[in-house]
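Dumping the structure here so I can ask a few things about it.
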């Protein structure tokens, strides 16, 4: 059951990677990376249950957090050209 | 209280600059941050002298950090070998700090001075930690502290000359690659032995003969350390880093930075891997010996053709490191002792030379090239005199410290039936007279610009002290010689 | 067991492809994002290899903070990497040689996951036992980190501190108001 | 009562004290200028006492500093050392007086520095003379090289710079590359740095290696100016003449040949050399140098250059004497140190006097000056006769002993070499008084020679004659040197 | 991004929970994964997020750089201080056993303090690094 | 042979990754790329260590009363925790240097920069047109 | 009881898997950024919700449940925000939905 979930996550991950590689615009990629992050968060959670040690959830939270901040940072870089500006 | 002090001396030596650096960064005043730095280096020096006396009684101090017994916890080992680099580093750093007082505010922005002093102390602490630790991984941590701090210090030279940035960058990258290679080596050894403690490692690799992972791990460790020690083909970071660093920093780095790594090299070769004799002998004979000989000549010849004086001295350092590694490579007791003697003497020689040159440069306010030095010998007699003494010492003139090291080095080579190496050493050292004399000649012979310079005691006081050491250890070398022989005996025992 | 192997293989393949893509790409933003992705995948790999704390740190430090630093720095840097004129043959060769040595020596390394390997027999059991008895903390990694090898951690704190101070000293902003006050300096020098 | 050990200290320390004091009293010119001669007198008093006790066969030993285990700086008086010490300290008196005259007459700059380094060079030479072991010898050998560098380059111009470079590169290079390892080799082979009267190497070293070791020594001692490494000596002629006098008569070259003789007799031992024939090649080399440089000297027009080449050839006499490895030849070599010193210093004094008096450096310019400066040329004449070896000048003794030694050793060719060389000597030295007295004057130049220059010149020329009559104590010493105990 | 109200409001809402989570990681490190580093980074990331969205000046107003510098050193001082106190109490450097009434409680206190030091240093260094990088202007200094 | 190869194949991949990282450091001339390479290199080394610490069928080294199982080796984890932080410190310092280099030289390509340096050096030493090294305020 | 929970979990996982795979396919298939945001939303909301629900069935009531909910809330919060900002920026950078011309949609 958990393994099935993991495999689903892996397949989704690969599909999203395809989108990242195909790209077209940067925003496509950002979007895809963000989704990939979500999938990985789910994957980590499931893996925790799969290996009987649900302590991994902390990592999942951090992962989600990092994913969010990273996306915001990249977006900011694209909108203002630097991370320091306050536009 | 005294009891606590004596008991904790090994860690206090490292801790003193380390903790002070945390406070120094908070002091905005230039003068007070300097005072604190000087105080700290002085206390460190004091501690290291106390440690020396302690070593004479105990001969081997093992300090278990956190009270966890060695293979489990981290251990500090201080013996008659380790005390030599400790004394070198703490002593030279003290004099360099005194020297820094006047020269630092001239080269570095006022706002960042306290941070620079903090980095300064961190670099010293890193080097000391490197030397004292008995744990292979802890060594990496301190290697990184010292190298990051020194990189930042070198980069501070950018306020004078932008090339410092590239120098620092190269130093950082090459150093980081070296450190990572070292970590790979430690990892491989850890993988096959399961321990990180050096003494434990020695015992546990004794029954692993011809293990491929052992050989590879050893190789990676050695390469990593050789990068840090600037052994010949891996020395490319050194000339630029020394040349473009702020004056005081180049004094500190040139005199101390490579010494710690050389000591680690000796320790890995002769102490950690003492049980795999074939491996060590082959490494010494087929790797380190040829490299050192090439280094001796390459460094000297580069120095002869170099016109930027600080780079010139840096190239000469490469050659001198070649002497030290050559001494290790011969691998007899006498030669290893000679290596340690030269390590000590080279520190005081290079310290003196860099102080002299940078204080000359401080007054001419230009990049210190050979042309800009013309006639300075006549306007700055004290500095010039000390410079000449130190360069004579580097060239190995009798009655200076440099002669003693050269003498023992040659004796060691001849008595191990390698007279051709002795001749090569001497040819290279005679060549070194060429570049040294070139500088002396320019300062002495050429007409300089008409400038009146009043030499400042704050600058030359440490120069005079170091020059005095250069002469003193030429007359009474028994301290150094005996210490080095004891160290060599400790390292390789009575076997050879 | 097979599933573990599969997950491993999957992640490792991704890592390899990221690394190869890194060699190929010359766009800086891609480089940064790929590095971040590499760290993230490495973090996943750490999870599968039972190193939870490491994965935690790698995800937050390696992937998070360093990516943000890269992005922050990238803003001021050229966006494209130029093709180098000089040949990359020698570095490639030396890397291949080093890699060859490592692969050669790997035959004498203990097999992955073998319980009898010296690494699992020598010191680690004492940590696992001691963490419960001496320290009383369930997370062995924390007890080793903060107590058994607390000095390492101290050194590492100092490394971070060093980096912080170094960067602060290097990237110090110059006060534009003080630019004109550089004259008195000159005087001091002449007196010196 | 001053013990004999203290005499050594007096002798070697008085130049050092002069050196230290000179910068402090540089304001009072007279005091500063005559510090040198005073130091010389004190020093030579000590040297006389040392020599007399050496004649009484006293064993004099003095350890100054212990540098480390097995290395120390110590002094010991050997007969040869006593001779050389006396020569150096005694001639320093006159050289010092002379240099005062010269420097004043020439209005040179930086006189204080000059006197200071002059004194330290003498100090180094005296330390070499009384050196107790090989290391002390080497140390002061190097000190001598470095302390004479500021003297050689005193003029601080382009020429001086080049000459100084050559000077340093040859002397430092040879000594560091060859002499030091040779000494360390001896140290390793014998286990100590001591020297002894009969040599220390017998039985300690493979006979096949002996010529190699000897070669390292011979070429390592650059100051002895054997053929391939003699270039520094003519180059160093850019120095002021008192320095040339010091270099070529008193300190530097004599230190070189002294070291050479000490090595040959006290390290190798003449018996060992004779037995193994290790020094055979040296005989030929020395002979070659001797003849070649004499011939070169003939073609030199510059007075000081000619004297320099003459010095090289005379030094080869000494080396040759040592290399012949018979007691007679060695004695002759030792005596030649004294006799040549007295003679050559006179010649250089004259060259300097002519430069100060009339700015003459070329021999071809000398024509007809004999009348206006007859005393100077007379001194030159006497000095030349001594060098050539005509009785009743001192030089005849040393040449006599050398010839005897050559005959003893069986190398009859060497006798021929001596003869040819004597003729050549006469040819190139006699040209100068001949031109001065018999040639016609080409231009009118008034030669005014200061008294401070004239007097020491005359005294040294007189010494060459005096030495002929009181050679006995020296001869006693030299026979002690080769005597078997 | 300054003019994007959705982002601003959500940042404001998320700010406190992130720091709370950081503190949880900090003090729960004994029992689960986590500890000083991770907590430090998480806390720092909260501030970084704030600076990203509201601009670096606002971030500096929220967390002044001189306090940042003091805390940056303070972390190390706490760590070293624990070691020195244990030394003064007669044990080796960083031997926590003497800190508490029993060895175990001593270890607990020690580890807690030490992790706190690490967390302080790491978070402040990360914030300082971000500020230094983000506010670096590219104008050539002449 | 094959069985042992299966046992160690993970190492091989790790080694390959390492060497790719190292290649980026020493082969590329772009200063930013070098730092990226360093990150890759170090991360791969971390993988090596963690691989050593793995035990088949083990669980993460966090004691759990309810589960009675083998715990993986905690020591490599601790070491790597340290190393990760060291790595990020190195990266940060390197990046700040790169920033400074870019604003001083206007480029971060090694070829460009060494060419500029060479010109500077030449100006300095050969022509005597020395750079005034006064402290820039 | 456990069996029932397992079944519930399975169902949730199935739906979750389905939605993330569909979302991923959408990401690939759909023509432009704006439409792809919908697909991404599928992953972020549907997938996360169902997977987390499924896992909550497994844990009962404990700290882990709280964490799971926290993850869910966090992702629910952040992913729409990022989607929104992405779309917003894409518009600012003049990227147009397929078939639209400048000036038409504003």
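To keep things simple, chains are lettered A, B, C, D, E, F and G as they appear, and every chain counts its residues starting from 1.
Note that contacts are C-beta pairs under 8 Å (C-beta built on N, C-alpha and C of every residue); 3 or more make two chains touch, one makes a residue touch a chain.
Computed from a predicted structure; not experimentally measured.
Traced through touching neighbours, the fewest hops from subunit D to subunit F number 2. The chains that touch subunit B as well as subunit D do not exist here; no chain meets both. Averaging C-alpha coordinates per chain and comparing to subunit G, the farthest chain turns out to be D. Per-pair tallies of C-beta contacts place C-F first. Relative to subunit F, the chain whose mean Cα position lies farthest away is D.
Averaged C-alpha coordinates put the centre of subunit C at 31 Å from the centre of subunit G. The mean-CA centres of subunit A and subunit G are about 11 angstrom from one another, to the nearest whole unit. Separating the CA-averaged centres of subunit C and subunit D is a span of 70 Å. Multi-chain contact residues of subunit F (touching two or more other chains) are listed as 18, 22, 26, 52, 59-60, 62, 64, 75-76, 79, 81-82, 84-86, 89-90, 92-93, 95-100, 102-104, 135-137.
The set of subunit C residues that touch two or more partner chains comprises 52-53, 55-57, 60-61, 64-65, 68-69, 72-74, 76, 102, 106-107, 109-110, 117, 119-120, 123-124, 127, 138-139, 141, 145, 147, 149-153, 155-156, 158-163, 165-168, 170-171, 174, 185. Taken pair by pair, the chains that touch are A-C, A-E, A-F, A-G, B-C, B-D, B-E, B-F, C-E, C-F, E-F, E-G. Contact residues on subunit F toward subunit A in their complex (touch as defined above): 59-60, 62, 64, 67. By the touch criterion given at the top, residues 1-3, 7, 18, 21, 25, 32-34, 38, 42, 45, 48-49, 52-58, 130, 133-136 of subunit E touch subunit A in their complex. For subunit E in complex with subunit C, the touching residues are 29-35, 37-38, 41-42, 44-45, 48, 69, 72-73, 75-76, 79-80, 83, 93-94, 96, 103-104, 107-108, 110-111, 114-115, 117-118, 121-122, 124-126, 128-130, 132-138, 141. Subunit F contributes residues 18, 22, 25-26, 31, 34-35, 38, 41-42, 45, 48-49, 52, 75-76, 79, 82-83, 86, 89-90, 93-94, 97-98, 100-101, 104-105, 113-114, 117, 120-121, 124-125, 128, 130-137 to its touches with subunit B in the complex.
Taken together, the subunit C residues at the contact with subunit A in this complex read 3, 7, 10, 14, 29, 33, 36-37, 40, 43-44, 47-48, 52, 55-56, 59-60, 63-64, 67-68, 71-72, 74-76.
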